[in-house]
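In the two complexes that follow, chain A is the common piece, with chain B as its partner first and chain C second.
Moving on to the complex of A and B:
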C-alpha cells in the first residue's frame, strides 16, 4: 500500500512535469504580454507533430538500444530531436506575435480571446494539412524505456518517467535563472512591470514581446515533444485538455508566477493521480476541486502577481 | 459456450445455390458479399422495376480527425468501399450511390438534420455511443432511415428505445463482445483459476456499459471479485494510476474496452510499468481496433483481444476468399489493414443497400422509407466478414471473435491467433429479454 502511494506520487510528478512545461509557456506569455493565449494548446500539439517528423527521422539514423552505449546514444538523439522540434516553435511563435498579436495589445481582452481562438483553428488546420487527420506515433517510447529501468529506493519505475521529471526540474531551473540572472531576462521583467519606462530608456518592447511569445511557444512545443516521444501520440485536438489544465495551474499558482506554475502543476499532478487511485471518479474533477480550494483560501493564487514574471 | 462458425459463414459446406438464396440472389448482394464470380449468368429480376434514374444520395458521419479517427476513418474506408462496389456492379436496382462524409465530433444531431435537409435517401453513423443515443429520437421524428455504424451501448434498444422504426445499428452491441471476453478469459485460465478481476475502460457510456456487462458475466461464471475499476477520460494522456493500482492488486484478469490511442497507451504504459508480470490475462474487446497503430513489442504478453465481427485475419483469409480479396483491396487502396470498424462502415451500407434492393424486388418500384425500414427488420445478408442479420429489435447480430494478440510480419500489423468464434446466440440474450436479466438467469 505504501509502495503504491509512492508510485502514485511519482506518477503525479511525471504528469505535473509535463503540465508545468506547457503551463510555463502560458505563464510567461500572460505574465509579460497580458495575453491569455487560447492557441497555446495548439502550439503544444504542433510540438508533438514536429517531434513525429524530426525525432522519427533522427531515430531512424541510429540503431535501437541493445546495450548501455547504444542506449545512451539513442536517448541523446531522441532528446536532441525533441529540442529541435520545440525549436521549430521559436520562429513560429515569434511570427505569430509580430503578425497577429502585436496589433491588438491595446484592444479589449475579448479581441485577444477571439484572435487567439482563431489562431487555434488555423493551427489545427495547418497540422491537418501537414500530418493528416489521424493520430501518429513516433514509436520510440519502448526504446527509451529499454534504457535500464530506474531503481528508486527499491521501487521499479519507468525510466522515461524519471527522465521527464528531471527535464521538468531543469526547465524550471533554467527559467528562474533566465529571468533572475540574465540581462535579457531582467529586461523582459522590467518591460512587463513598466512598458513606458522601458521604452523611455531605449528598450525595444516589440522585440522583447516577440522574444517572450517565442519562448512561451518553445516550452509549449517541448511539452508536446515529451508527450509525443512518450506513451502518447500526436493527434488533432490533443491540446484542448492541456490548455484547460494549464489555465487551472496558472490560476492555482497565481497569474504570472513561474514559481506558482511549477508548484501548481506538481500539486495538480500529484493530487489528481493520488485521488484517482483512491476514488476513481475524481480523475477529471480533482484539478478543479483543488483550484476551488486554493481560490477560497487565496483568491490571488499561491504566489499571485499580475503583469509581472516572478 | 464457444461455438464454431454459424451456418453459412464459410464457403466450406455451402453451395452456390444456397449462398445465392441466402443473399437474396441479386448481383448487388453477391457483390457486396465479395463473391461476384458466383453470379455469372444469373438473371436479374429487377430490370422491370419502376426505379428513378437519379443517384441515391447518402451521408455518413464518422470521426474523420483527431484521436477517434483511428476507428472513424476505418468506418469511412469501409463505407466508401461498399459504395464503390455497389456502383461497379450497376448500383442498387440500377441506381448508383453517392456518399457524403462529415466529421461527427459533437455534431450528431446537426449532421443528421443537415443530411435530411439536403434530401439524403439514407444516413449512416455515428461511431459514438452517446451520439447515437442523442440521435434516435430525432431519427424517429424525421423518418429518414439511419443505420448506425457503431454506437453500441447495450441498453439503447433494450431499454431506452425498445420500439423504434427508422433507427438501426449494424455492429454487434456491447454485451456480445463483453461476454465473448468473459468466455475467452474462462477458456484460457479456467473458471476456478479466476478469483479477482479489474478493469480500465473509457470514461463514458460505452466503457461503463462494457465494464458493467463484463462484471456481471464473469461474476456469474466464476464468482470472481472486482479489485479495481478505473474510467480514464476518452483520449487520456496517462493511465499510470490505474496501472499502478492493478500492479498492487495483481488481479487474475484485467478487462479493457479502451480503443484508439487509449488502447496503445494502455499497452505502452502497461509494458513500461510491468503490468503483464502482475496479471494472468488482459482481455480487451476493441484493442484490435488499433491494429494499424501497434508495434510488435506492444502485443507481447498474455493479451487477448476481440473483434465484433471482423478483422483482417478472421474469417480466415486462407479459407474465405471474400475476406482475402477485401484485405488486399483495402491495403492497396488505403495502405491499411481493415479492422472491425472498417466493417462497421461496410456493413451499415451493405445492410441498407441489400434491403433496399430486396424491397424493389418485392414491390416492383423504389420503396418508401417505412418500407425499407420494414425490410431491414429480420434482414439477413453477407459481407466479407460472413453472415449478418438485423434483428426485429433493430440490433445487428453476427459472430464475435476473440484470440491472442500477436504480430504478423507478412502484413506488418497486429493479428489474432488461436481464434475462438462465438455465435450471436451464445453472447446475447434471446429476443425480448434484457442482457442484465439474461446474464442474471445463468
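Moving on to the complex of A and C:
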C-alpha cells in the first residue's frame, strides 16, 4: 500500500515536471509580455513533432543499447536530440512574436486571446502539412529504460520517468540561474518590472520580448520532446489539454512567478495522479478544484507577483 | 410627426418602442436582416450553403450575445460560457432521456432553468473578481463541470445523451409531431423568433438604468461603488442574465442536434469560441456577436468539406480580423463605408493608400533585417 503510494507520488512528479516545462514558458511570457499565449500548447506539440524527426534520425545513427554503458550513450544522444528539437522552436518563437504578437501589445487583452487562438489553429495545420494527420511515435522509450537508475535503491521504476523528473528540476534550476544571475536575465526582469524605465536606460524592449517569447517557445518544445520520447506519441491535438492544465498551474502558482509555476506544477501533478489512483472520477476535476480553491483563498496565487519574474 | 416617426437632431428616426429609435439607414438594415433571417431556409435550398450550420451559428451567436453583456458593459472576459451553453443542452437532454418529457418547449424550459441555477451559483463566487482572474475562474468552473459530466454515468460519459424522448422521434413542438424536415424548419423559425425577442430584451436591458450602471462598473468599479451602485450584486445579476442567454442557446442546440455530448458543448474551447464570436462580429455592437457566431461556426463546420487545411483558414481569418478589423465585422462596416465614400469623391486618395502600404512594407522589411542582423552579429 505504502509502496504503491510512493509510485503514485513519483508518477505525479514526472507528470508535474512535464507540466512545469510547458507552464514555465507560459508564465515567463505572461510575466514579461503580459500576453496569455493560447498558441503555447501548439508550440509544445511542434516540439514533439520536431523530436520525432531529429531524435528519430539520431537514434538511428547509434546502435540500440545492449548494456548499461551503451544505454547511457543512447540516453545522452536522445537528450541531445531533444535539445536540438527544442532549439528549432527558438527562431519560430522569435518570428511569431515579431510578426504577429508585437503589433498588439497595447490592445485589449481579448484581442491578444483571439490572435493567439488564431495562431493555434494555423500551427495545427502547419504540423499537419509537415507530419501528416495521424499520431507518430519516436520509439526510443524502451531504449531509455535500459539505463539502470532505480535498481540501485532497490525499487523498480521506469528510468525514463526518472530522467524526465531530473530534466524538470534542471530546467527549473537553469531558469532561476538565468533570471537571477545572468545579465540578460536581469535585463529581462527589469523590462518586466518597468517597460518605460528600461527603455529610458537603453534597453530595446522589442528585442527582449522576442527573446522571452523564443525562450518560452523553447521550453514548451522541450516539454513536447520529453513527452514524445516516452510512451506517448506526438499527435495534432496533444497541446489542448496541456494548455488548459498550464493555465491552472500558473494561476495556482501566481501569474508570472517561476517558483509558483514549479510548486503549482508539482501540486497539480501529484494531486491528480494520487487522486486518479484512489478515486478515479476526480482525475480530470482535481486540478481545477485545486485552482478554484487557491483562487478563492488567495486570488493572486501562491507566489503572486504581477509583471515580475521571481 | 406620427407615433412611429420622431424627429431627433434634424433627422427622422423610426420609433419602435419607448426609448428605442432607429435612424433610417438602421431601420432599413434591421428590416433587411430580419427578412434575410426568415429567408435562410429558402436561400440554402437554392444555393450550396448548409442550413444546419447557419442554424447552429445563430444559436452560438445567441450565447455570444449573452456573453457580450459582460464583455461590452462590465468589461469582464468570461472564458467559461460553454458551462451555461452545455448545462442548457444537458438540462434538455436529461429531461428527454431520463424523464421522458416529450414537449420541446418543456425541454427548453428545463435547460434554461438548469443553466440559470448554475449561473447563480458560479456568479456568486466570481462576481468580485476582475480581469484575468475572472477569465480563469470562469474557465475553471467550466472545466470542473466538464470533468464532472465526462465521468458521470448519469450523463453517459463522453457518449452523451440522446434528445429523443421515446428513443426514436424528435420531441414535439407546440404539441404536434413533425416530420424530420418539418421539425428542422419549425425549430429554425422558432429560433429566429427567440433570437429577435432576445435581442430586443437585451436592447431594453442595456438602455435601462441597470445597463448604464453596468457601464459605470465597467469603466471604474471604485467610482461606481462611490456613486452608490451595489457593484458585486449588479455583476452577479448581469452574469446570471448572460448565463440565461447561454442556457437558452444550449437548450435550442439540444433540440436541433437531438444528441448532446460533452465535447461540442461543454469543453473549454467551446467557451473560447463563444468569446471569439463576440469579438469577430464586433463586441461593441448588439447584433455583432450573432454575425460572428454564424461566420465562425460556418468556418469551423463547413470549411473541412472544401479545404484540407481548414484550421489554418479559420486561424488566418481570426488573425486578419485582429490586425485589420479591430472593431469586428459589423463594427467595421461604418468605417469602411465612410472610407469608400471618401475615396469615391477623391480618387487621389487611392494613390496615397498604395504609397502608404508600400512604405510600411519597406519599413517592416528593414526592421526585420536589422533584428536578424543584431541577433546574429550583435550590436555593432
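What we mean here is this: the second predicted complex is superposed on the first by the 305 of 310 C-alpha atoms of A that agree within 3 Å, B and C clash if a C-alpha of one lies under 4 Å from a C-alpha of the other, contacts with A are read in each partner's own complex, and residues count from 1 in each chain.
By our rule, a contact is a pair of C-beta atoms (placed from the backbone, for glycine too) under 8 Å apart; a residue touches a chain by one contact, two chains touch by 3 or more.
Quantities reported herein were computed from a predicted structural model and do not represent experimental measurements.
S.K.: Is A:248 in contact with chain B, with chain C, with both, or with neither (first, second, both, neither)?
M.R.: Second partner only, chain C.
S.K.: Per the contact definition in the header, classify A:281: touching chain B only (first), chain C only (second), both, or neither.
M.R.: In the superposed model, A:281 contacts both chain B and chain C.
S.K.: Counting only touches as set out at the top, which of chain B and chain C does A:15 meet: first, second, both, neither?
M.R.: A:15 sits against chain B, while chain C stays out of touch.
S.K.: Taking the superposition on A as described, I'd like to know which of chain B and chain C A:128 touches: first, second, both or neither.
M.R.: both
S.K.: Could you tell me if A:233 is touching chain B, chain C, both of them or neither one (first, second, both, neither)?
M.R.: Once the two structures are laid over each other on A, A:233 reaches chain B alone.
S.K.: Determine, under the contact definition given at the top, whether A:120 touches first (chain B), second (chain C), both, or neither.
M.R.: second
S.K.: Quick one: classify A:180 as touching chain B (first), chain C (second), both or neither.
M.R.: In the superposed model, A:180 contacts neither chain B nor chain C.
S.K.: Could you give the residue numbers on chain A that contact chain B in one complex and chain C in the other?
M.R.: In the superposed arrangement, which is not itself an observed complex, chain A uses residues 128, 280-281, 283-284 for both chain B and chain C.
S.K.: Note which residues of chain A are touching chain B in the complex, please.
M.R.: Within the complex, chain A touches chain B at residues 1, 3-4, 7-8, 11, 14-15, 18, 128, 133-135, 137, 139, 141-142, 145, 156, 158, 160-161, 227, 231-233, 235-238, 241-242, 273, 276-277, 280-281, 283-284.
S.K.: Would you mind writing out the residues of chain B in touch with chain A in their complex?
M.R.: Result: residues 64-67, 69-70, 73, 203, 229-233, 235, 237-238, 240-242, 244-245, 247-248, 260-261, 264-265, 268-269, 271-274, 293, 295, 297-298 of chain B touch chain A.
S.K.: Can you list the residues on chain A that touch chain C in the complex?
M.R.: 36, 38, 94, 98, 100, 103-104, 107, 109-111, 113-115, 117-126, 128-129, 206-207, 210, 240, 244, 247-248, 251, 255, 280-281, 283-285, 288-289, 291-292, 295-296, 299
S.K.: Would you mind writing out the residues of chain C in touch with chain A in their complex?
M.R.: Residues of chain C touching chain A: 71, 77, 125, 129, 131-133, 136-137, 139-141, 143-144, 146-148, 150-152, 268-269, 272, 275-276, 279-280, 283, 309-312, 314-319, 321-323, 326, 368, 371, 374-375.
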